[in-house]
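Next, two complexes with subunit A in common: one pairs it with subunit B, the other with subunit C.
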Partner chain A sequence: MSKTNILEVNNLQTHFYTKEGIVKAVDGVSFEVKAGETLGIVGESGSGKSVTATSIMQLLPASAEIVAGEVDFKGSNLLSKSKAELQKIRGNEISMIFQEPMTALNPVYKIGNQLAEVFQLHQQLNKKRALKEAKDLLAKVGIPSPQERLEEYPHQLSGGMRQRVMIAMALAAEPQLIIADEPTTALDVTIQAQILDLLQNLQSKFGLSLIFITHDLGIIAEIADRVIVMYAGQVMESAAVETLFEEAKHPYTQGLIDSIPSLNYSRESLVSIKGVIPDFFELPAGCKFSNRCDYAIKKCFQEEAKLELANKGQLLKCWRWRELERKGLGDGDVLTGS
Partner chain B sequence: MFNYILKRILYLLVIMFIISILTFSLSRLVPGDPAEVILRSSGVEPTQEAVESMRENLGLNQPVVWQYIDWLGGILQWDFGRSFTTGRPVIQEIWYRFPATLELALAGVVVMFCLSFPAGIISAVFKNTYLDHLGRFLALVGASFPSYWLGLLLIYFFGVQNSLLPVMGRGTGRHLILPAFTLGLGMAAVYARLLRANLLEVLNQDYIRTARAKGLSEKAVVLKHALKNALLPVITAFGVNFGYLLGGTVIIETIFNWPGLGKFVVEAIFNRDYPVLQAYVLFMALVFVTINTLVDIIYGVLDPRIASERRN
Partner chain C sequence: MEMCLLEVENLKKHFAVDKGLFSSSQQKVKAIDGISFTLRQGETLGLVGESGCGKSTTALTVLRLLEATTGEVKFKGQDIYKLTKKELKALRKEMQIIFQDPDASLNPRQTVGDIIGEGLKIHNLASKETREAKVKELLNRVGLKSEQFLNYPHEFSGGQRQRIGIARALALEPELIVCDEPVSSLDVSIQAQIINLMLDLQKEFGLTYLFIAHNLNLVRYVSHRVAVMYLGKLVELAAKEEIYNNPQHPYTRALLSAIPIADPTVDREKIILEGELPSPINPPLGCNFHTRCPETREICRQEEPNFINRGAEHWVACHF
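What follows is the complex of A and B.
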């Protein structure tokens, strides 16, 4: 394990057991997070990004199970830890920010109580000192009149304020890694920008690593150092953020980038990837993206490609990336199957 | 909060007034003449003359509306009339017997809480395990037991076969055990199921995942973050049921010869003892409405969202 990697995920597989059968929500995902960097995980709804995050924290619903893989955090595998050991890590060394600020806070306890809990738990502070720390932290995440907020209940706060409380909660124990699962999706655009700024500031201030999960490539461009693109529970492409936006090689990534609306285009030319992410029980046999891919050839439907290393540390799961790289993607010059 | 409580008390008075009219009319609609019943039970031949003079004695010869106004006027001066059968003031009769019923009901509630809370929580936390199935099976059995049958079984085992516990009357704490258990068990089964269902729903909420992500132990997650949220519907059900409980101890009071209100009222019904009936219904209505008001207030304490709705 490299010294600079704080987290290494190897061949993670998380399955859901449903009445219809087994859903491979995370299907052999590997990636690493370096100390102090921001890793963006991007993909459509149902691509397995959130399940990957909750698998790292082992906060999966009862119907899900991690069936294989390793999650090495600072050199030791989280998957082989006991419940008590995990509880010491959660909220303390790794913390999480969730998508739904409206429902992620307990409606029947005051903000101060819920925030102080983290200090009481991980730093063994008494209630009074914990509340004092909670107040300082609320000020740090930009909440006005923090003393009064401590005495308020979640329903008295706006969505943006609640997400700030969630961020404060995640920061409370000064963790080394924060996993943010679509933290801005439920918020207004102006509040989104504020929350992103806040996260970036706090990250550089505390030097923490961040896994940022989103379906919004615009946010990825702004916040991430490296990006992994997920589709149907698998990593399709992974690259440094500049490389990804300039030289995306996977047809899926290219499709995602082309789908970003631009002011230069007329309304008619709004581009989207054809079709929707298929039902997990109707995934194609070969490459999971083959049935939506403009460049799919016979081989794509039959056999799954392995992740291959291209230059600049870019990883690709596609049979045709070399060909497509030579000919260039998206010029209307659709290659015919060979 | 103060305004809210004041408003609730005003509502309470209006409701009590409406109930007083209903009670009064209903008791008059019961077939049978109390004067005749009293005469017969004291061994007097109910001749026309005797009945007439008894009716006059009881004030039943007045027009019904006058009787009502008279009765209501008395109530406003805390005079609920005298029992037709015993001749003592009704209020005394009720106060004399109510503590026994209340004691039984409260003891039943304690049994209910002691059984249903652990059972409901364990069932929810260990959902679909052996423990859960056992708990749910016992709850089903408990809820299906008719209380008179359970009471008789308990009397047989603990009183007749082993004489471990007294089975008749009221007195020491030991007298309370069997009737309280009989009363509490059926309720416990219902509440255990209710609590389990609520807890399971709450345990799926996002804020529970947040609590776990903080690194809280499963015990803290369930007992602090989930339980308080799961209690709200349980408290509501309990508020409604406690009134029924006070009125519904009749069977158990009869089986265990418990000198409570339930037994007394059943006798009053047979005797067409209007003042007792009316006072009892009014009294139970007051208990119901008061408990509902209390539950509303507790609700506001448990769930801050309700309290703030009230303020607005």
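What follows is the complex of A and C.
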């Protein structure tokens, strides 16, 4: 394990057992997170972004199982830890921020009690000192009149304020890694801007590592250092953020970037990816993206490509990336699905 | 001068809030509080704003699917609030709506054919046979298969269900379609497909859209003119390029700067608004944006600014 990596995920595979059969929600995912960096994970619904996060934290529902892989956090594999050992790491060293704070916070406990619990549990503080810490933390994440907020219930706060409480809770035990799963998706743009700003400030202040999961490439461009692009439970491409936006080589990544209206101001036609996001039971045999890909050849439908290293540390899972790179993907007549 | 298809004049919708069984004081949520705009034949007017600003209430009251408190809505010169039920029903053929959530707006117990054909049936526009033919044609037009007309909504994906919603809106060959967040529940790659379809249909049938969304990039892409709404009022209205290149209202400026740009090389100073949307039950006095405005001065706390044309049809409600 490299010294600068705080987290290394190798060949992670998480399966869900359903009535219809086995769903390979995470299907051989590997990546690493360096100390102090922000790794963005981007993908559409059903791509396996969230299950990757909950697999790292081992907060999976009973119907799911991690069937293979390693999750090395600071050199030791989290998947071989006992429940008690995990309990110590979760919240203490790795914590998580969820998309919808209303469901992540307990509606029948006061904000103060929920926050203080973290200090009582992880730092063995007494209730009074824990509440004092909770108040300081609320102030740190920019919540006005924190003393009064301690006495309030989650439903009394707005969405943006609730998300600040979630961030406070994630920060409480001074973790080294925070996994944020679509933390701003439920918020309005002006509030989203506040929360992203807060996260970035806290990150540089505390030197945190951050895994930021989102479907919004705009947010990725603003917040991430490196990005992995997921589709159907697999990593399709990974690269430094500048490289990804300048020279995305995977047809799926290119399609995603081209689907954003902001980059296509002409009112001609928005470039879109053809077809629908496939059901897990209807995935093609070879490359999972082959049935929506405009460049798929016979081989793509039969055999899955391996993740290959291109230049600048860019990783690609595509049979044809070299060829497409030469031809110049994204220029002219390409990727015009309907 | 292009023909005005729709003229909205000082439209208000106030909801009474029930404070409890024994409370006598009736408080009101001013969901929309005096908005005026026009919609020209064949254009798309984008209406943007954050949640709770009154966008969806505007959609419903403009079509009189929800009764407005006061105000006028003229469709082709006729005030729809002065029409009888029967007259209104006849007019409904020309004004349709596409909702945000196709799960909630399509009846799960009806076949797609019945959903799309219902309007034709209600308005007695086609016999059973011609109706079926028409529905199949519509299904094809929105990118679905005509043999799917006996399927139920749950058999379709989210994007496909939104296509069904579009087909239903098209069935009566309307002139105006109000689109209330038509793609916000869809993934980006699917959003692009639906937007392309809507723009093609507009060209083909000369449709007029009132396009409501919170995604400013999307609105920029589809609209000819854009209106920005805050707390029940319009704060700015202008041609698209004017709004995006020359925003006059501080709220519009903040909103535009808050959109994440999908380009890591862009480095810009964001305007981060403090605080949150005030409650529409007790909106701030004066200019209702003054509590969050980075440029608030004394007059803003006391006097409400008028919605004024600053030339070239660029309307702004700001003292400065």
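In this section, the second predicted complex is superposed on the first by the 326 of 338 C-alpha atoms of A that agree within 3 Å, B and C clash if a C-alpha of one lies under 4 Å from a C-alpha of the other, contacts with A are read in each partner's own complex, and residues count from 1 in each chain.
Definition applied: contacts are C-beta pairs under 8 Å (C-beta built on N, C-alpha and C of every residue); 3 or more make two chains touch, one makes a residue touch a chain.
Because the structure is a prediction, the values reported are computed rather than measured.
Applying the stated clash criterion after superposition on subunit A shows that subunit B and subunit C can sit side by side. After the superposition on chain A, the angle subunit B-subunit A-subunit C between C-alpha centres rounds to 80°, nearest 10.
When the two complexes are overlaid on their common chain A, residue A:Val108 makes contact with subunit B while staying clear of subunit C.
In the overlay built on the shared chain, the residue A:Leu256 is in contact with subunit C alone; subunit B does not reach it. Using the contact criterion defined above for the overlaid structures, shared-chain residue A:Ser50 touches neither subunit B nor subunit C, since it reaches no partner.
Within the superposed three-chain model, A:Tyr153 lies in touch with subunit B and out of touch with subunit C [touch as defined at top]. For subunit A, the partner with contacts to more residues, out of subunit B and subunit C, is C.
In the superposition on chain A, contact is made by A:Lys83 with subunit B only, not with subunit C. Of the two partner chains placed by the overlay, only subunit B lies in contact with A:Ser95; subunit C stays clear of it. Closest approach of subunit B to subunit C, taken over C-alpha atoms in the A-based superposition, is 5 Å. No residue of subunit A lies at the contact with subunit B in one complex and also at the contact with subunit C in the other.
Contacts from subunit B toward subunit A in the complex involve residues 127, 204-207, 209-218, 225, 228-229, 302-305, 308. If you check the complex, the residues on subunit C that touch subunit A are 50-51, 143, 157, 159-160, 187-193, 195-196, 199, 214, 216-218, 220-222, 254-255, 257-266, 270, 272-274, 276-277. Taken in their complex, subunit A has these residues touching subunit C: 44-45, 158, 160-161, 188-194, 196-197, 215-222, 224, 241-242, 245-246, 255-265, 267, 269-274, 276-277, 337-338. Contacts from subunit A toward subunit B in the complex involve residues 54, 57, 59, 61-62, 83-84, 86-92, 95-96, 98, 100, 103-110, 117-118, 121-122, 153, 155-156, 166, 169.
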